[in-house]
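In order of appearance the chains are A, B and C, and numbering begins at 1 in each one.
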Amino acid sequence: MDKGDRVSGDNAWQTFREVAGTLLNSHVREWKESGEKVVGFFCSAVPEELLTAAGVLPFRMRGTGSTSTELADAFFTPINCSFPRHTFNQALLGEFDFLDGLICINSCDHVRRVYDNWTRTLDTGFVHVMSLPRKIEQPQVDWYHDEIALLKGKLEAHFGVEITDDRLREAIALHNRIRRLQKELYEMRSADRPPVSGTRALELMVAGTAMPRESYALLLADALADMPPPEEVGPARVRVMIVGGELDDPEYVRTVEEQGALVVTDSTCFGTRLMWEPVDEGEPDPVRALARYYISERPSCPRMYGDQPRRIAHIRDLVRQFGVDGVIGERLMFCDQWLVEYFMTALDLKDDGIPFLQLDREYVMSGKGQLQTRVQAFVETIEAAKESSACQV
Amino acid sequence: MPSLTVQEKERSLRRYKMERDHFASLLEAVLPIPGEEFELYARQLEILLDSKAVIVDCVENDKPFIGGYFCNAPELFSAMDLPWFMVMETPFLASSEPYVLQEIDNTAQMGLGTDLCTAIRLPIYYISEGLMPVPTAALGLLYPCDGAPMLHQVMQHNKNWKNVPLYSCDPPYTSDERAVNYFADELKRMAEFLEKHTGATLEIDRLRTACEESNAAYRWWQEYNELRRNVPSPHGWSPGGSMAFAMAQCFKVGDPRSTAWFEQLYRCAENRVKAGKGASDAPGWKERIRLFWFDILPMGWLPQFMPWLEEEWGAVLVMDMFGNYPYTLIDTTNEDTIFHDLAKRNLLDAPMIRQARGTADNFSNDIRRTVKDYKIDCVIWPGHMGHKDGSAASGIMRQTCRELGVPFLQIGLDLFDPRYTSVDEVKDKVSEFFSAMGLG
Amino acid sequence: MAAFDECIFELIAQLGTLKERNAAQVQELYAPGAPADLVEGLGVRIGAGANPGIILRGDTSVELGNPEVGSCSALLWTDDLSLVVDGRITVIGPDVPESVGQSLPLAQVVLVAGSGLDHGDHEALQQSAHVSDQVEGYMAKSTSEFVWARVSHEAVAQGIDFAILGRALLYLVKTSVAKVSAAEVVFVTASREDVDAVATLVRQARVIGARIVTDNWRERGFDLDCDFDCSSCSDEEICDDIRDVLVATHAKSRSG
């Protein structure tokens, strides 16, 4: 498919599924074959807009398709998160040879070490690590402004491009357009009968991190105009929200939904935190606009100190807006950030009377039976509570 | 000042007083024992107990004090005459106390799981249960690991601590001059925060005095570390790096008593070097293995393990992560140089922060330098369950050691909970390792 | 152009300025080229275990490179033989014998050339310049940013000076990497300001060096086979046989 081709709605949803389910998908392949470059990046705090402005395809790193961590286990240990282990294992197997560059970041103790191990083992041309602050105040915005400016200079030097302010503004506008469209789709899910399942929504969101953004934006518009068949979304016994981090596996969401828990919204690294707020296009300095957005304006994740009140407010707002019956908090094993975050979230949601279920998982789905059982039990608990309060009324 | 009832104050001091009493009885036991090393223990215990007495007094009589963390430029607190206690004191000082094991279990019941660092779980537990003194203001640390900022967010979230003003310096990931200058500005904001919330004032002359005193202590520490290069090393695991670190960063920073303690530590070691004495005075004992323990000591099971290393294998902990502190002396010329160098010391020099905050080069470089200078026979990465970033750099550490021709052992344990990997299992692994590598 | 060539050019220019400024205290000495000749008749032992003990404070005659008075150290290598004068030892500032009881600032820069030198030699060269305890009567402290050393009373009495230290360094560097065909060393002790001027250059060199180290890791690769878990290793039998050899070798090297 050429850049900018329009496709029918059916193809758009199929495309999302294909792209979310593979690493080197057909769009990336075509992009590369036309001589263009791809730069991978970890974490939603990396300013993708900068990469788009540099003319490269920003590719969010995933371990999709990985079945083992045998090679990566020489570098990591069993107490390290399975996400970087699987992703790095894929890299060692050559599955990321299509990358022309990689942006790492100190998002967490596990993922940041991918940089150290990657630079010592793989030759990826351009590899850079960003220093992401842990606070959301003005000095941190200033620091990240400088980090983005530094990265900009390095991209320009390495890829031989000039990232003018105008190009950056165009890229911001494109990414904001994508955010608006994604949000538009999400808001449809607040209906009593959402037009798409959480599984489909995740496929759509993951695809948005792994293909040329212009094409994706067009696909998105088509997809909004042409929803999947309504019977795809089964009757929801309960409406749930998923909260968490690196959830890029639609199979996981499918398993949850098959138990009668329709996922109507979320706060995850591939969900609302990516697109609920836009970058300020009115800010004259686009680098500053990006710095403010990524540090203090978009919904944060637990690594951002001092922002838990805003995070729980985001969850509460979405619970209200989407008529959520219960919240599921998923966590990758050994993730300290989400573990302690849920300690606080559980207390807050208890005060609100909102049922909360915490689920630990591995990056590559295992223990499906256990997941099914726990979600079933959660659904039944919520149903029983709803019935009980209905009776009282 | 947070307003607590009498019962709440009493409860908040309960654990603190238990530890005070524990150290008081240790002091009683140590005082009559002759020997330079025991004098050092006694002096340190006295200083620790003084600090605890002050905190108890502050809580009971509503006087201002702060809760803090190591490597938060404690020279500032000294200069401002602010009593402070370390929020993570229990795991670092008292985790071998019998009640701690039950409390670790309680953290799992609270929903804190079993894969979060024990040293982070315990303070969260104490805060949640009202078992920690509630300070006038608190200073947090957002590094070296993911657990640290989460602990401080729990502080902000907790009902009892909600009104305790909390400031945490933001750590950049890089280690260049830009990073140091940024962190220096964070420290300046920290000082302003302390002034605002405690009523204390920071006078630069007093800060200068505290820093000069701190420099004097660090000079002795550096001298002392050179003595440990001797074969045999005059000291092993105790007295050693951890004690020195505690004195330099946790207790009486910028205080002449701390400087005097360091000088005494140096003299004690110098005497042993001149006498040709190694780490143990046991008759017939010989230093056979010089090891680099690249982490905190196993504080939860220290007495069961560390002496065994020396007795059974002649394995001397010549250097450990917390003893290896290639320090920055603070240039006290003016306010800017002071803050600049405090930033450098606390960001780039401080153990664990240095290695764990930034890229893995810090692990690798430390190993290279230490192995050469201290004539190290083997490197042990304990693999504490909470040190995830270090574990993700274990391949790099192993490769570095391979290139140096030095054996490397990675264990996998909990430095604070002996049940995670039993002490016997650790001993077995270490023994197998020493045998397999032809050591000892 | 090799990685450090620009640094070397800058250093040469900087040294010109420092020599002019301290004209009365400049020595330019020339040592022989062959490693064996470098250590002949030196009067101090050079090499592993040359200084088996440590030098205590009380036994220190001269301190060099205490960070409080100024210190920096670098080794810059090139494949361009024209940039390095083999055997030259340049001293700008007071020498050791005239500084008894003093703590001198010290910038130490070793310049190394060999037509086949490349990134793969970088780490071995860097390690070689860290003397540690390889010069009798001289002990370099274990700091990563500086060269901070003590010279003992005994060594001073035996006539140790920068000529000897320079020759020792040249010997250690030349014997560490066979491809080295020329090496020279510069010692600056004139003043803190002069040492700090060199330190700026040293910091730049350090950044270049860090990149080289990372590239080297990548090229060498990781040995993924052995993680010391003997119970699961198919090579245990062979390893057991080798162990005896290792034990013997180890014991021999420890006894010096």
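The rule is simple: contacts are C-beta pairs under 8 Å (C-beta built on N, C-alpha and C of every residue); 3 or more make two chains touch, one makes a residue touch a chain.
Computed from a prediction, not measured in an experiment: that's the story for all the values here.
J.: What chain is the most remote from subunit B, judged by the mean position of CA atoms in each chain?
T.: Most remote chain from subunit B, centroid-wise, comes out as A.
J.: Which pair wins on C-beta contacts, A-C or A-B?
T.: Most C-beta pairs in contact, of the two: A-B.
J.: Please find which chain has its CA centre nearest to the centre of all protein CA atoms in view.
T.: Centroid comparison flags B as closest.
J.: Provide the C-alpha centroid distance between subunit B and subunit C, rounded to the nearest whole angstrom.
T.: 33
J.: Starting from the mean Cα coordinates of subunit A and subunit C, work out the distance between those two points in Å.
T.: Each chain reduced to its C-alpha mean, subunit A and subunit C end up 50 Å apart.
J.: Would you mind pulling out the distance in Å between where the CA atoms of subunit A average out and where those of subunit B do?
T.: Here subunit A and subunit B have centroids separated by 37 Å.
J.: Residues touching two or more other chains, restricted to subunit B: which are they?
T.: Residue numbers touching two or more other chains: 361, 395, 399, 410.
J.: Could you say which residues in subunit A touch two or more other chains, in rising order?
T.: 74-75, 120, in rising order.
J.: Can you list the subunit C residues in contact with two or more other chains?
T.: 214, 217, 222, 227, in rising order.
J.: Residues of subunit A touching subunit B in their complex?
T.: Those residues of subunit A that touch subunit B are 74-81, 84, 106, 108-110, 112-113, 115-117, 120, 129-135, 139-140, 143, 146, 302-303, 305-306, 308, 333-337, 339-344, 346-347, 358, 360.
J.: Name, in rising order, each residue of subunit B that touches subunit A in their complex.
T.: 110-113, 115-117, 120, 124, 140, 142-143, 145-147, 149-154, 156-157, 168, 170-174, 178-179, 182, 185-186, 189, 356, 359-361, 383, 385-386, 388-389, 391-396, 399, 410, 412
J.: Please name which positions on subunit A make contact with subunit C in the complex.
T.: 71, 74-75, 119-123
J.: Where on subunit B does subunit C make contact in their complex?
T.: Where subunit B meets subunit C, its residues are 222-223, 225-227, 229-231, 270, 273-274, 326, 328-329, 361, 365, 368-370, 372-374, 395, 398-399, 402, 407-410, 432-433, 436-439.
J.: How about subunit C: which of its residues touch subunit A in the complex?
T.: Residue positions touching the partner: 214, 217-218, 221-222, 224, 227.
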